[in-house]
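Next come two complexes, and both contain subunit A; in the first it sits with subunit B, in the second with subunit C.
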Partner chain A sequence: MDNLDRLLLDRLLKEAMRRQDPPVGFEARVLGMTRRRTTSWKPWLAIAATLIIGGGLGWQVDQERRDRVQGEAAKAKLELALRITSAKLQKIQKTIEARNQGI
Partner chain B sequence: MKWLIVGALIALPLAAQDIKMPASLERLREKASEVVDVTLDASMLQLASRFLSDKGDQAKAKKLVSGLKGIYVRSFEFDRAGEWEPADLEPLRAQLKTAPWTRIVGVVSNKKGENAEVYIKSENGQITGLTVIAAEPRELTIVNIVGFVDPDQLADLGGHFGIPRLEKKQGQKD
Partner chain C sequence: MALAGTTGWAAEAVAAALSFPDLLRNHQSMVFSIGLHFLRDRAAAEEIAQDVFLELHRHIGEIESDAHAIFWLRKVASRKCIDAVRRRKLRVAAALESVPEPAAREDRTDPMLNRRLQQLIAALPERPRMMVLLRYQEDLMPDEIARILEIPVGTVKSTLQRALGVLKEKLNRLNGEGRRG
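Up next is the complex of A and B:
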């Protein structure tokens, strides 16, 4: 590379890297685009989050209600089974005791 | 060998049921005026136990249930005597005649036409099952309890759940 070429390259680089002011209205356009994007996705995100959280909570409440209903039904069945069993065993025991006493 | 494994896998759930309620009993549903059918397997017992309180009457039941794998009750009430026949109980008795089942109580009242039997299943010195057959002319009840049964705990349920306590006389043992 001779001196002439080097000077030409140097000039081209300086020209390319010269500080330039942005075109008129550039800042307003950028800010406008950002604002538009912000206003477009935030409400949807909020709605989606509300639906997900609300749905999750609703499902949990419903599941707990179902568990409680099933549990209470199982408890009632258990109490009935124990009542019948104990009553029958007591009756048998009473019969045996009565016989032992010669009644 | 393959069939042996398949057979064992099929037999496992049946073993959990302990004794099988015969079809002759299930047929009595049509004749009975009132039927009580309680089927509580291990998972249902666990669920029920979670809803029992840790205080008072329910705490005793909770303790009793903790060792159980299943409670099965069939109780039939009839409008008239003679709706069920002793032969209806034979398939059930046949299952209870073999080891490890032992009949510990047999009460027959020819006058009243009542018949009560208590069978226990014992393994390694522990009661792991209890079956009660209580037969009256107009009522037939079968109870099958699977799992570790503490007779003291079961008897202690007297006075709870609306069951009258059977008072023991002084000096009388269980």
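Up next is the complex of A and C:
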């Protein structure tokens, strides 16, 4: 190899740097790790989804209950107002009738 | 996955071609060999290759084509190898000048010659070593090496030239001593 020329050096380097296969089972091991990694966050995702959906439903039920209570209170107030108004109107009517009979 | 402009069967074909198991199967030798030739340690090379593919799995949505995957894998593998050597001082050989020189053999495919040549390459500093590896293992041109290592192409050319000069000188010296012996 005196005066080793560039072409010979290129050939020697390509030969020395030839690709080699990884150890047997490498592919399966990496795939196994990616599966574990993919599945490991799934239960957490399910828990998070359950909490979000459950929280949303709970909030909705609570909101409906508050609306119902408010509605019933408003209805009771209205009925009371109507009763008071009705009583006053009856009183006024009686006063008018008594005055007319007096004339 | 970035498949802009690709629709229907073409998009399905691209997506199918980019499945992680296929990328792993098709490119495992490339990634493992980058680690092996750089570190000269099978266990460390396997560990690096494993890390590279796990990182690919995390970034699979960013990969646009098989060519992009190859570029990405070479880039990440190169970076991880250089980092590993710098961090863990995995350099197997000492300085290039102190590498013991073997008896020369004329047979080009001699496994002993290959091994000694690999030792000479392993004794190069990290950057020139990776350049020689990418040039001869991956058959890349200096501009491609420059993009992978993110350095100017002029630096790649001059560094490769120097590294090859050193390797040539070493091999010539081996040959001379072999003949004398």
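As a working rule, the second predicted complex is superposed on the first by the 79 of 103 C-alpha atoms of A that agree within 3 Å, B and C clash if a C-alpha of one lies under 4 Å from a C-alpha of the other, contacts with A are read in each partner's own complex, and residues count from 1 in each chain.
Please note the rule applied: contacts are C-beta pairs under 8 Å (C-beta built on N, C-alpha and C of every residue); 3 or more make two chains touch, one makes a residue touch a chain.
All values reported here derive from a predicted model rather than from experimental measurement.
S.K.: Quick check on the superposed pair: does A:Gln20 touch subunit B, subunit C, both, or neither? Answer first, second, both or neither.
M.R.: It touches subunit C, and subunit B stays clear.
S.K.: Contact-wise, after the overlay, does A:Arg65 reach subunit B, subunit C, both or neither (first, second, both, neither)?
M.R.: After superposition on chain A, A:Arg65 lies in contact with neither partner.
S.K.: Have a look at where A:Thr34 lands relative to subunit B and subunit C in the superposition and call it first, second, both or neither.
M.R.: second
S.K.: Using the superposition on chain A described above, determine whether A:Leu12 touches subunit B (first), subunit C (second), both, or neither.
M.R.: Second partner only, subunit C.
S.K.: Check the residue A:Ala74 against both partner chains and state whether it touches subunit B (first), subunit C (second), both, or neither.
M.R.: first
S.K.: Touching A:Ile92, do we find subunit B (first), subunit C (second), both, or neither?
M.R.: A:Ile92: touches subunit B, not subunit C.
S.K.: Just subunit B (first), just subunit C (second), both, or neither: which does A:Leu82 touch?
M.R.: The first partner, subunit B, only.
S.K.: Can you give me the overlap between the subunit B contact set and the subunit C contact set on subunit A?
M.R.: none
S.K.: Spell out the residues on subunit A that touch subunit C in their complex, using ranges where they run on.
M.R.: Per the stated touch rule, the residues are 1-4, 6, 8-23, 26-27, 29-31, 33-34, 37.
S.K.: Would you pull the subunit B residues touching subunit A in the complex into a rising list?
M.R.: For subunit B paired with subunit A, touching residues are 36, 38, 40, 44-45, 47-52, 61, 64-65, 71, 73, 75, 105, 107, 109, 114, 116, 118, 132, 134, 141, 143, 145, 154-155, 157-158, 160-164, 166.
S.K.: Of all residues in subunit A, which touch subunit B in the complex?
M.R.: The contact residues of subunit A facing subunit B are 67-68, 70-72, 74-75, 77-96, 99.
S.K.: Residue numbers of subunit C touching subunit A in their complex, please.
M.R.: 20-21, 24-25, 28-30, 32-33, 36-37, 42, 45-46, 49-50, 53-54, 57, 104, 106, 108-109, 113-114, 117-118, 121, 132-133, 135-137, 139, 164, 167-168, 171-172, 174-176
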